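What follows is a set of notes on a single structure, which appears directly below.
Each chain gets a letter, A, B, C, D and E, in the order it is written, and its residues are counted from 1.
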Amino acid sequence: MDWVFIVEKLALISGVLALSLGVAMYSTWGERKVAAIIQDRRGPNRAGFMGLLQPLADGGKLFFKEEIIPTNSHRFLFILGPSVAMLVACMTSAVIPWGDVLTIAGRQIPLQVADINIGILYIFGVVSLGVYGIMLGGWASNNKFSLLASVRAASQIISYELALGLSLIALLMFTGSLSLKDIVEQQRHGLWNIVYQPLGFIIFLVCAFAECNRTPFDLPEAENELNGGYHLEYSSMKLGFYLFAEYINMFISSALMASLYFGGYSFPGMDSLGLAPNLVTILGFVALFIKILLFLFFFMWVRWTIPRFRYDQLMRLGWNIMIPLALVNMLITGAIILARQ
Amino acid sequence: MNALISTALSGVILMFVGLFVNNKQQIKYFAIALVLIAFVANLLEAGTLQGGSSRAFFGMLEVSRFSILFNAVMLGATLLYFMLSGREFEKVGEHVADYFALVFFILSGIMLATGFSNLLMLFLAIEIISIPQYILAGSDKKNLKSNEASLKYFLMGSFSTGILLMGITLIYGATGTFNIAELALGTGELHPLTIGGIMLLIFALAFKVSAAPFHFWTPDVYDGSPTVFTSFMATVVKAGGFIAFLRLFHVSFTGGAISSHWLPVLAIIAAATLLLGNLTAVFQQSVKRMLAYSSIAQAGFMLLAVIALNETATQGIVLYAAAYSVATIGMFAVLMKVKDYTFEGFNGLARKQPLLALAATIFLFSLAGMPLTAGFFAKYFVLSAAVQQGQLLWLVILAVICAAISVYYYFRVIIAMYFKTGEPQVEPFTPAFKALLIATIIIVILLGVYPGVLLQWA
Amino acid sequence: MLTVLLILIPLVTGLITFGLKGSGPKVLGLISSLASLAVVIGALFQFRTAPDALHLVAPWIPQLGAQFNVGLDGMAVMLCLLTNIAFLLVFITIYNRSYERASSFYGLMLLSQAGLIGVFTAYDAMLFYVFWELALIPVYFLCSMWGGEKRIPVTFKFFVYTFAGSLLMLVGIIYLYLQSPDRSFSYTTFTNLNLPVQEQSWLFWLLFVAFAIKMPIFPFHTWQPDTYEQSPTPVTMILSGVMVKMGLFGVIRWLLPVVPQGAYMWAEVAMVLSVIGIIYASCIAIVQTDIKRLIAYSSIAHVGLMCAAIFANNEQSLQGIQIQMFNHGINIIGLWIVVEIIQQRLNIKNMDEMGGIAQYAPRLSIFLVIIALANIALPLTNGFIGEFLMFSGLFQYNFWLMGVAGLGIILAAVYTLNMVQKVIFGQGNALTATTVDLQNTELVALSLIVGVILFLGVYPKPMLDLVGSTTELVNKVF
Amino acid sequence: MFLDTELLSATTTPFSYFPIVLQLVAAVGFVGVTMVATHFLGPKRKTSDKLVNFESGIEQIGNARQPVAIKYFLTAILFVLFDVEVIFFYPYAVNFKELGWDGFFAMLMFVAFFMGGFIYIIKKGALKWED
Amino acid sequence: MPVQYYIFLSIALFCIGVMGVLMRRNAIIIFMCIELMLNAVNLLLVAFSKMWADAGRIDAAAAQIFVFFIMVVAAAEVAVGLAIIVMVYRNTHSVDINILNRLKN
């Protein structure tokens, strides 16, 4: 066993996890700021400069809150729920290529935890576990609102997972690979996939919103009908996990969309700058990060702009529109590719 | 191929027809037309066969004269079933078109079972046959007995699917192929995995065809399911299971070294099936349950064909499938007209409804294997095949004794109808039903007098 | 062609009869049996002139090698004659009776006639088997529908017994078929098989049990007395007069030529069983008070003798048994007719309640006496020549066996005469005083029987000639 | 046979998944530690009222775990069915270019069946929520 | 890793499934045990596929295709099975198979 390899991977993993958590924390700040701007308010501004220390205060508060587990609940599952949600959120990032190869002391270090040839399937697999976190939490609480919310959540997430999976087929048709690294590398040497797959991207985007339970699809937590939904009974860091997991998921889906459709860590002209490879890699990471931030902003922008869907509308959109659309997209893509061959 | 495609498509079409057509009679006629189409399409394919058989799906399906013949028998039996019992579908529930569609899906599974040449196809065939049956068994949603039948059937059925798959996998592990023809080549030296696999396959298939000691689900399921579907499950479906059984063993596991492993097991299973089926049928109080046990007993006879594995056996299974299906479908059609399913419910039927009684008598004769009915030659062929096999004379004698026992419970119905007095409650039926009943009687007798009608194609 | 006609006439008329109403069935039944009788007489003449013309071979199930192969040899002609006479007699006797659901009754009777003729004419084992069963089923229905109090269990027992037996026979046939070089069921193929002794020995039992049940011989007889007792008398006549002969016929036609060595091996066992049957049945017959049961046991005894004679394996016994088949048929039908008449008049079966009928119905009594004497094989009656031949055959085989069997004759005399004595002589009572003497149709039937009895008793040569060819054939193979 | 070993001869080895295991360990560690830590950090002043389920301030009525509307269940089943159909698209998509038009038409048929089932369930009203 | 490990693991899983089916009384648990059996088979098929591929059989991927089909059929079975269980539950408010003995008499 190569110890250096393990150390290197552990460092990368800690980096990625820290990044995810950090981004998630500051997303809460970002969310409130965006909301403030859109609603013409100031937003958080007391803790630190422009309220930048607000997320830390919030996190600390969650740590020191009293932990309440209702007597009627299923204790083990009650704790398991948020743990699963968090765990799943932390696991998705493993196959996303954060950048190209860094060369340190003669070692080639890829900025990707694991480059496996079924990267996309891995993501799907892990993401579909996410629904258990919500289901377990909702059911274990033994609260009518929570239960309803969790059932809703499950129903919604699995419905949109279909369209999500279908929308990617068209993309895979011309990448011919399930490895995210390959997909990004292909875009590095050609056009970004968004050019070929505008429809696919839109479907993916909508489904990503639904998967993350983001407005306009945030029915599971619909605070004004379900009192907060599946995490109604949660407090302290368990609640924090649910909230964090949601933001991490947002972050990862942004990264995924950036990688799949917007070239990932590549940016136009990156191979003709003539800079040192390590520098190019770092620039690439920065480029990816900018794309991710733009997506995150988009998530928030939508949240404060579009009202929540009704449940039947949500389901009809998912089943009756997204799925056929994805199929049509797939067939058209296939026909065009074959016709041009 | 034609038969497979047309039945599968018919199923899909019928599902959609159910969405747009509300008239249940029309749906029935439509379904009958679709079976006819499948029947003709199936026969048309016989003309296109070159060199005895043709292959499809990358060689995973083989269409031969024999498979076409068996398909024709199955489709013919289904046609008869639709015509005789089609109206009963309406009494089960609202979704008539769906029931028909499910029957078509089962048929397409059977079409697959007649011609598979890859274990994958065997698995698919068995599953396509099984899954719709779980639904049909439970189609009477409000009836607890139907619910229970469905659940029981489902649990048992999927359990045996698991066993079947394990068997296939072990065989694959030992041989590296799913192709049943290639499997036969590797019989020189036997890997222990192969033997284990064959045993598991036998158990699983015995489950599916309800052979003892894996039969215990059958009476409950047959009893609990809506009678109209029991009729189909006990006949066409069972025959379909047997053809899969026969084909697999016929192609893959013949030969001295390998058959010496499974032959004793299968022989014991057959013997147990015959004994249990017949002895238990004797004690039943309901005709429907009696028929369920009798179907187990009949399975024992069909197993003889599987064990014998020779030319006569293949002819025999065709004849048996035809004879048994037609007679049982007819018997169930009569049963459904009689409101009370106990033996007492048949008391005095001959006076009140001579035609129903006559039809039931002929069908029961056929089931019992009386000469001049189709059942006789069916039994004759399987017995003959087993005698020919050489090592199984004891089983043949046992089968014969069981056949004599079977007379007892079949004749209980006849005795009730003819020799006892009573006021049987009978549902009204149309002249068309009458005509069909007579036609069925004629088929049974025709096959019994002149089985060459069917055998000349085998 | 005549052979096919023999089968077709009852078959077709039988099927037609089901649809008739009123007196149609009985008229048609009578016409049909008259026509059959005419045809069989025609066949008799053709057998003298051109016996080959009675054979017909047509394809039936080519895949199996089964053919529609029918023909008549001497024994078969004789048995067909017996069958047709028997049915005619039955129809004549019951012409004035009215049966509930008469159309079914006559239809089933005619169907069973067709089956019986088929059994006697089939030269193809598969065909033989089919007719064998076909003859059984209508009889089953007849017994169960028109029989006595306990008819259902009793006839069912009868049915299951015979059916089980015939299934074993079927296995035997299948085995033989599989051994045949040309995959055929034909008689000639079967007789030329020359199987190893070992196989013949168990094949013998497969086939023999079926025949033994039908005859019936001890210990396969338990169905018989009950069935005879419970059946309607016309059916009992057919059962005892003709159907019993199916078993004997089967042994002579199929068992002996096909598995000769098997038969040779087991001959003693079969004979001992038969002889036990004779004594056993005779003893029981002596103590019977029920007239129907008495005749039933007497039939077992007679058949036992015939069966023993078959296995004695020589010309006399074979000849004897064949003509005895005919004669026993005629005699026992005669007895049953008398019983039927008494029962119809008095509605009793217990002999102790009878007596003195001779005073009130003299003609009936005369006929009964003659028939009874024929039954105990007095010289100058038809029974004599057959029994004589059989005993001489048995004597050649084994003296002691003959001796024991001969005891049967004495016992037969005891119970038959005892019956006659109880029924027609002795003290009359109020009931028997009401006995009405024979009426026209009954008179015709009984006269016919007595005519045959006396004619064949005096001049048995035509019968012997008729069966000679079969005897030769069997002897050659055996 | 129409398959070849290409599917099997890919470069990924079980070892490629090792980093994922590492990440799993790390994530489990993080979640576990945090959970335990917060359990001890927070104050514990439990009262029976506090531990009752929240139902908008009124007393709890009955158990929450009652069967929910069958519609949700139906959705779940439909998801299972359609999701396995979707799975079939993946190997096809990856090998799409090699399979060419033949593969395309085969897949077209598959899509037709997919849509057949889809239209059927929609027409049957399986996804109707407003009743 | 040697293929034997996979075989032992699969057989063990399979046996657990079989035992569960035979011994448990809750329909859902039985159902899950059946799924366990199927998945044990899947695992074994993949292991065998790899084994035969290493041994040089060019069609060894067929076993993996088989796994696909098993999954599909299992999904169909799940759909039907769950529907049946729900139906039974709605009528009897129980999924214990012991109470399902109305048909016995």
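Here is the rule we use: a contact is a pair of C-beta atoms (placed from the backbone, for glycine too) under 8 Å apart; a residue touches a chain by one contact, two chains touch by 3 or more.
Keep in mind it's a predicted model, so treat the numbers as computed, not measured.
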{"item": "Fewest hops from chain B to chain C - one hop per pair of touching chains", "value": "1"}
{"item": "Neighbouring chains common to chain A and chain C, by label", "value": "none"}
{"item": "Chain nearest the overall Cα centroid", "value": "B"}
{"item": "Reference chain E; chain at largest CA-centroid distance", "value": "C"}
{"item": "Chain pair, A-D or B-E, that carries the greater number of C-beta contacts", "value": "A-D"}
{"item": "Per Cα centroids, the chain farthest from chain B", "value": "A"}
{"item": "Separation of chain C from chain E, taking each centre as the mean of its C-alpha atoms, in whole Å", "value": "65"}
{"item": "Computed distance of Cα centres, chain D from chain B, in Å", "value": "39"}
{"item": "Geometric centre distance via CA averages, chain E-chain D, whole Å", "value": "19"}
{"item": "Length of the line joining the C-alpha centres of chain A and chain B, rounded to whole Å", "value": "54"}
{"item": "Sites on chain E at which at least two other chains make contact", "value": "59-60, 62, 65, 76, 83"}
{"item": "Multi-chain contact sites of chain B, meaning residues that touch two or more partners", "value": "none"}
{"item": "Chain pairs that touch, as defined at the top of this document", "value": "A-D, B-C, B-D, B-E, D-E"}
{"item": "Chain D residues within the chain E interface of the complex", "value": "1, 3-9, 14, 67, 70, 73, 76-78, 80-81, 83-85, 87-88, 91"}
{"item": "Residue numbers on chain C that touch chain B, as the complex places them", "value": "60-64, 129-130, 132-134, 137, 141, 144-145, 151-152, 156, 159-160, 163-164, 167-168, 170-171, 174-175, 177-178"}
{"item": "Parts of chain B lying in touch with chain C, wherever the complex brings them together", "value": "315, 365, 369-372, 376-377, 380, 383-384, 387-388, 396-397, 400-401, 403-404, 407-408, 411, 415, 418-420, 450-452, 455-456, 458"}
{"item": "Chain B - residues contacting chain E, complex", "value": "120, 123-124, 127, 131, 134-135, 138, 141-142, 144-145, 147-152, 154-155, 158-159, 161-163, 165-166, 168-169, 172-173, 176-178, 219-220, 223-224"}
{"item": "Touching residues on chain D, where the partner in the complex is chain B", "value": "1-2, 113, 116, 119-120, 123-124"}
